[in-house]
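There are two complexes below, and they share chain A, which is joined by chain B in the first and by chain C in the second.
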Partner chain A sequence: MPAPRPLRDIAVVAFAQTDHRRTSDELSEVEMLMPVLHRVLAQTGLKTSDIGFTCSGSTDYLAGRAFSFTMALDGVGAWPPISESHVEMDGAWALYEAWTKLLTGDADTALVYAYGKSSPGSVRDVLTRQLDPYYVAPLWPDSVALAALQAQALIDAGDTDEPALAAVATRSRTSATGNSHAQLRGSVPQGDYAVRPLRTGDCPPIGDGAAAVILAAGERARELCERPAWIRGIDHRIEAHGLGVRDLTDSPSTRLAAERAGLFERPVDTAELHAPFSSQEVVLRKALRLDGSVDVNPSGGALAANPIMAAGLIRIGEAADRIRRGDSDRALAHATSGPCLQQNLVAVLEGEPR
Partner chain B sequence: MPEVLKAPLVVEFPFTRSLGPVQSAFLTGLRERVVLGVRTADGRTLVPPVEYDPVTSEEIGELVEVAATGTVTTWAWNHDPRRGQPLDRPFAWVLVRLDGADTALLHALDAPGGADSVHTGMRVRVRWAEERTGAVTDIACFEPYDGATAELTGSEGRFEDLVTGIVAPARLDYTYSPGRAQTAYIQSLAERRVIGERCPSCRKVYVPPRGACPTCGVATSERVEVGPRGTVTTFCIVNIKAKNLDIEVPYVYAHIALDGADLALHGRIGGIPYDQVRMGLRVEPVWSDGGGHPDHYRPTGEPDADYDTYKELV
Partner chain C sequence: MGKEPVAVVGIGQTKHVAARRDVSIAGLVREAAQRALEDAELTWADIDAVVIGKAPDFFEGVMMPELYLADALGAVGKPMLRVHTAGSVGGSTALVATNLIAGRVHGTVLTLAYEKQSESNAMWGLSLPIPFQQPLLAGAGGFFAPHVRAYMRRTGAPDTVGSLVAYKDRRNALKNPYAHLHEHDITLEKVQASPMLWDPIRYSETCPSSDGACAMVLTDRAGAARSPRPPAWLHGGAMRSEPTLFAGKDFVSPQAGKDCAADVYRQAGIADPRRDIDAVEMYVPFSWYEPMWLENLGFAEEGEGWKLTESGVTELDGDLPVNMSGGVLSTNPIGASGMIRFAEAALQVRGQAGEHQVDGARRVLGHAYGGGSQFFSMWLVGAAPPAS
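Moving on, here comes the complex of A and B:
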């Protein structure tokens, strides 16, 4: 069944991100975020008061403070009152909400931003608090341990091995040498086991960062951007929450989201995958049927910079930038959330023929 | 720029959760050394059990006992256990499909033989915790096992004294840093001064400063000393005594516009009977020892401020 065409043409017209760093403790969240908001607005010439809808993604658990997103709103300029929403998710899901809002015709432009400061706490421990509170969270299995269970399942299934995983990590960080925002670039030792079979090189850097995207509909997009990255389809799906219910070597939710986003109708030339662990790229390549003709993670991906809550939105922004620059005509962007690729969002972006 | 402030921040909660009928049976079963699954309409047995079929979303509740022995479906070697994890020596995380189940349970495997002694497909059995309360941690861990399938107890999942809730303590440790603007604010308090920041665009002075003007969405950086005196813009009378707070009720909690500030901050009013506090009252800070915010504000004795001078700040 072909994916339905969106009711309105909506495009990414601007994207900005911070330089992602291990720590940015001299800055509050809003101080880290604000320059990114200013840069993304400057790309389009829009002011806050011109934006029809604002949506953000972040989580209080990184900062350990309730309602931290309300403080970040200071960086937007929310007075006089604006139309605004927040998701306790990666900014890719905030973009999905904004896209939906634009589809309704209630707004023609949207500002989407996301940020995460991982430096105040321990991400491996913090992420345990998103797990099933009855059967799993009391055991405190950290994010690396859960990814390692998935990696071992892939090795047992013959889908990969440790040298192949190391190659994914090396390729990603080599690609990141062209990305001045990335946190880990170039040659990075594969290192010792973090949780076997994953080595430190298979794991994403822990860092602070923010990103912002502007969406616009129809003619407005053409006014704001020379070559808009049109969102031809976007969809997100979720797996059963029980890890032991799932086949960890596959990602049916990614495949279904991709189908509904229209990915399989025509080949893509670029794929920005949100695979924080090298082993997860193996799962995603299979689910998305990516072959050697596709440039996977030219930005370096999440193995080069993984600011929690922003890394998925950055995949969409990086894919859109490739289109806006003319380096890509049809690109896939993927975002994930939860343990072992639990939730997955797929967007298909296109530039108009040149 | 002075060094940015940092301090330990511990967020700790005993999360109390109630259980549905299936979870209640499962966790009570663990207390009684019985492992229960739930059977789906198409005959699969899910362990740990859930109340809704993850495929069809139909409500399910038919309990069925499975064995306390099983097979590892995948594993990961954890050489450096973290706080709260089931074992404090190196162990393997495992997904175990118990004999009689179609899905796997996540837990720890105590493997004294080390990582090389663990493999997918290995046989394991439950090691019960000595003290069991009706929680997933009643399974202390799994251990290697090369015997036959464990015998069932014959339980049908009906117990007296059902466990109906769990308390899951959660603790996360942070190092809090307030960032550039608030660091400067806190450092000024130690010198018994209050500083705000002026927006370069609308010229308003924000106290405490947060680094950005919420109206204009731009960075604030020009520091401005405000106060020490100010005006009560609005207030309330608190009649409920807070736990761990050594203040007699009733007391007055007020919004106070310090002289030179364009935003009111809040503080307690003292040195005047609670029923004589009023809008427009002129107050000044009474500093506590050892830095930090003023303990409270007290009347200065000046005439009350005209409403027009603070009406924009109410």
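Moving on, here comes the complex of A and C:
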């Protein structure tokens, strides 16, 4: 059943991101974020005090401290006080919260931002802390090992093979040559096995980065942007946490979110997928029924830059930018969270007919 | 077409205690959620989405625990959002859930907040050393004590006021079966004789560390019509934030708190909060915050809040009861504390607060704050549906 059409038309009207890098030792999170906030506001001419609602996504576990987002808020310039909220999730979900806020009519514009610095720690170890704290996390199974389990399941099911995975990685990083923000671009060796069957080339780069988006409703969007990227539908779904109770070769939550977002009503020309591992693109292509006519991850996707907590929001921003530039008329953006694609968000964006 | 009206039709809490060693985190949250569903006479299948909140992940040592909790909260196949706005999170979480209904994204939403502080040590969870930043000075009390002292200096309040609040809240807690601290032998003298922790805050004027969860079922007009018990209706809700530290910040009465209250009152058509609001569930982790917030929320003129407390206005049988449930001073599972305020406000207007019910409570304010008095979230609920 498709979701009813939203009561208000809401669009992405601006997007900015950092150059994503392996390390940013010399910058605090606030210093990394602030230029992005300034750039996204400058695109619309809005000031912090003009924004109706602000929402961010980040995680304390990357920062290594409780309440880490409070300092980022200081960088926004929340004075006089602002209407503001935060999700401990990828910024794509912060955008979802902002979208619902605009739907209520309580605000006409929203600033959404997300950031993550993975460089100070071992992100593979850190992500194990996401797992069931009593039975699984004490075993420290890391994110690459879990993704490898999923990749092997796909190979065993005949859905892919190692050369096909290598082709996904090569295509992504070739596409990224056109993306000055990407961390890994052009010819990247497929490398040795990280965890069999995944080679280093099948895995995302570890990096630091931030992104920001401005949403606006109705006429306000048209005032702020020549060709707004209208959110025609957005939905997200979660699956069971335990890997043993999921079919790792499929992503029913992605499919359901896509249905609810209206993806299958008409074809899209562009898909920005948050697939940190090459094998996950295989799962998502199947769930989203993407064929060769769709330009998948023209930005290079998460295999080219994967700043944790911002990478999903970047997919929405990249898809919206394609529409705003006129390179796309109808695009899908996808974000994921949790081990092996546990939680998935799908947004369908459209430009007005030209 | 305006916003969809939002109603609270189910409320569930756990019995808050220092340590729930008999349940996992998943078991704890499910208990509260199950009770909220039973109150609403609904099943897991009636829930369209789940919105969950808690304070820092470091308190239990689980990163983004909503992923692990999806199964326990019946969220598989559904949307699940995780909110984190520091100590105000319980309130913010409920407000994010209301927006899903008000914006007509979903019909019925389960919202829940929890903290299982016994899984680790909250004080050290808040005391991680960060270079070039002010530490929280050995827990939250160290941060807030100077601001309490500033309030006393500014208003000339006698140093007995804080103990009156603690004595009141601990007695109120005796009437609330879910409250953590049940100090049956409490006396004002005992409060005043308790050790000084962070001058002027005494041991008995501080909140406990609790394990606990609170859940609510929120629904739209059609859902409210099917409710077996009287719903509580949302009349206004708002969040406001300001920076933690900056020159000119008023830590005694932050502007964000004033703005947040004003927004809620505007939505609810409240002209004079002292007259138009029947009772308040207020986030008071240290006793002196009752008089401070009475002023910040517009119930008293600046400098006059302590006089309301001293004259007994905020007692359970007073003219403006505050923290009928016993408040944060008696129960503090940090991430859930804000939602407990919101839920207790709803219980009051539904007439379901049991022994700590305020007779004839029609409009009640729920209040939460967090960070360094930086994040605010509030809602006003009523026994009658909103006018529009």
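In the analysis below, the second predicted complex is superposed on the first by the 353 of 354 C-alpha atoms of A that agree within 3 Å, B and C clash if a C-alpha of one lies under 4 Å from a C-alpha of the other, contacts with A are read in each partner's own complex, and residues count from 1 in each chain.
As a working rule, contacts are C-beta pairs under 8 Å (C-beta built on N, C-alpha and C of every residue); 3 or more make two chains touch, one makes a residue touch a chain.
Just so it is clear, the structure is predicted and the values come from calculations on it, not from any experiment.
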First, second, both or neither for A:R129, with chain B first and chain C second: both
Touched partner set for A:W140, first chain B, second chain C, both or neither: first
Chain B versus chain C as contact partner of A:A164, first or second or both or neither: neither
Partner chain(s) touched by A:G64 [first = chain B, second = chain C, both, neither]: both
Which of chain B and chain C A:L73 touches, first, second, both or neither: both
Chain B versus chain C as contact partner of A:G244, first or second or both or neither: first
Touched partner set for A:V294, first chain B, second chain C, both or neither: neither
Chain B versus chain C as contact partner of A:L37, first or second or both or neither: first
Chain B versus chain C as contact partner of A:S83, first or second or both or neither: second
Common ground on chain A, meaning residues reached by chain C in one complex and by chain B in the other: 61, 64, 71, 73-74, 77-79, 126, 129, 133-134, 137, 240-242
Chain B contact footprint on chain A (complex, rising order): 25-31, 34, 37-38, 48, 61, 63-64, 71, 73-79, 119-122, 124-126, 128-129, 133-142, 145-146, 148-153, 156, 193, 195-198, 240-245, 248
Chain A residues within the chain C interface of the complex: 3-4, 6-7, 54, 59-61, 64-67, 69-71, 73-74, 77-89, 93, 96-97, 100-106, 126-127, 129-134, 137, 235-242, 252-253, 256, 337-339, 342-343
Chain A partner contacts - residues on chain B that touch it in the complex: 1, 4, 6, 9, 11, 15, 17, 19, 23, 27, 46-48, 50, 54-55, 73-79, 82-86, 93, 95, 97, 103-108, 115, 120, 135-137, 166, 168, 170, 172-182, 210-219
Footprint of chain A on chain C - complex, ascending: 1-3, 24-25, 55-71, 75-86, 92, 95-96, 99-100, 102-105, 119, 125-126, 128, 130, 133, 238-246, 254-256, 259-260, 263, 371-372, 374-375
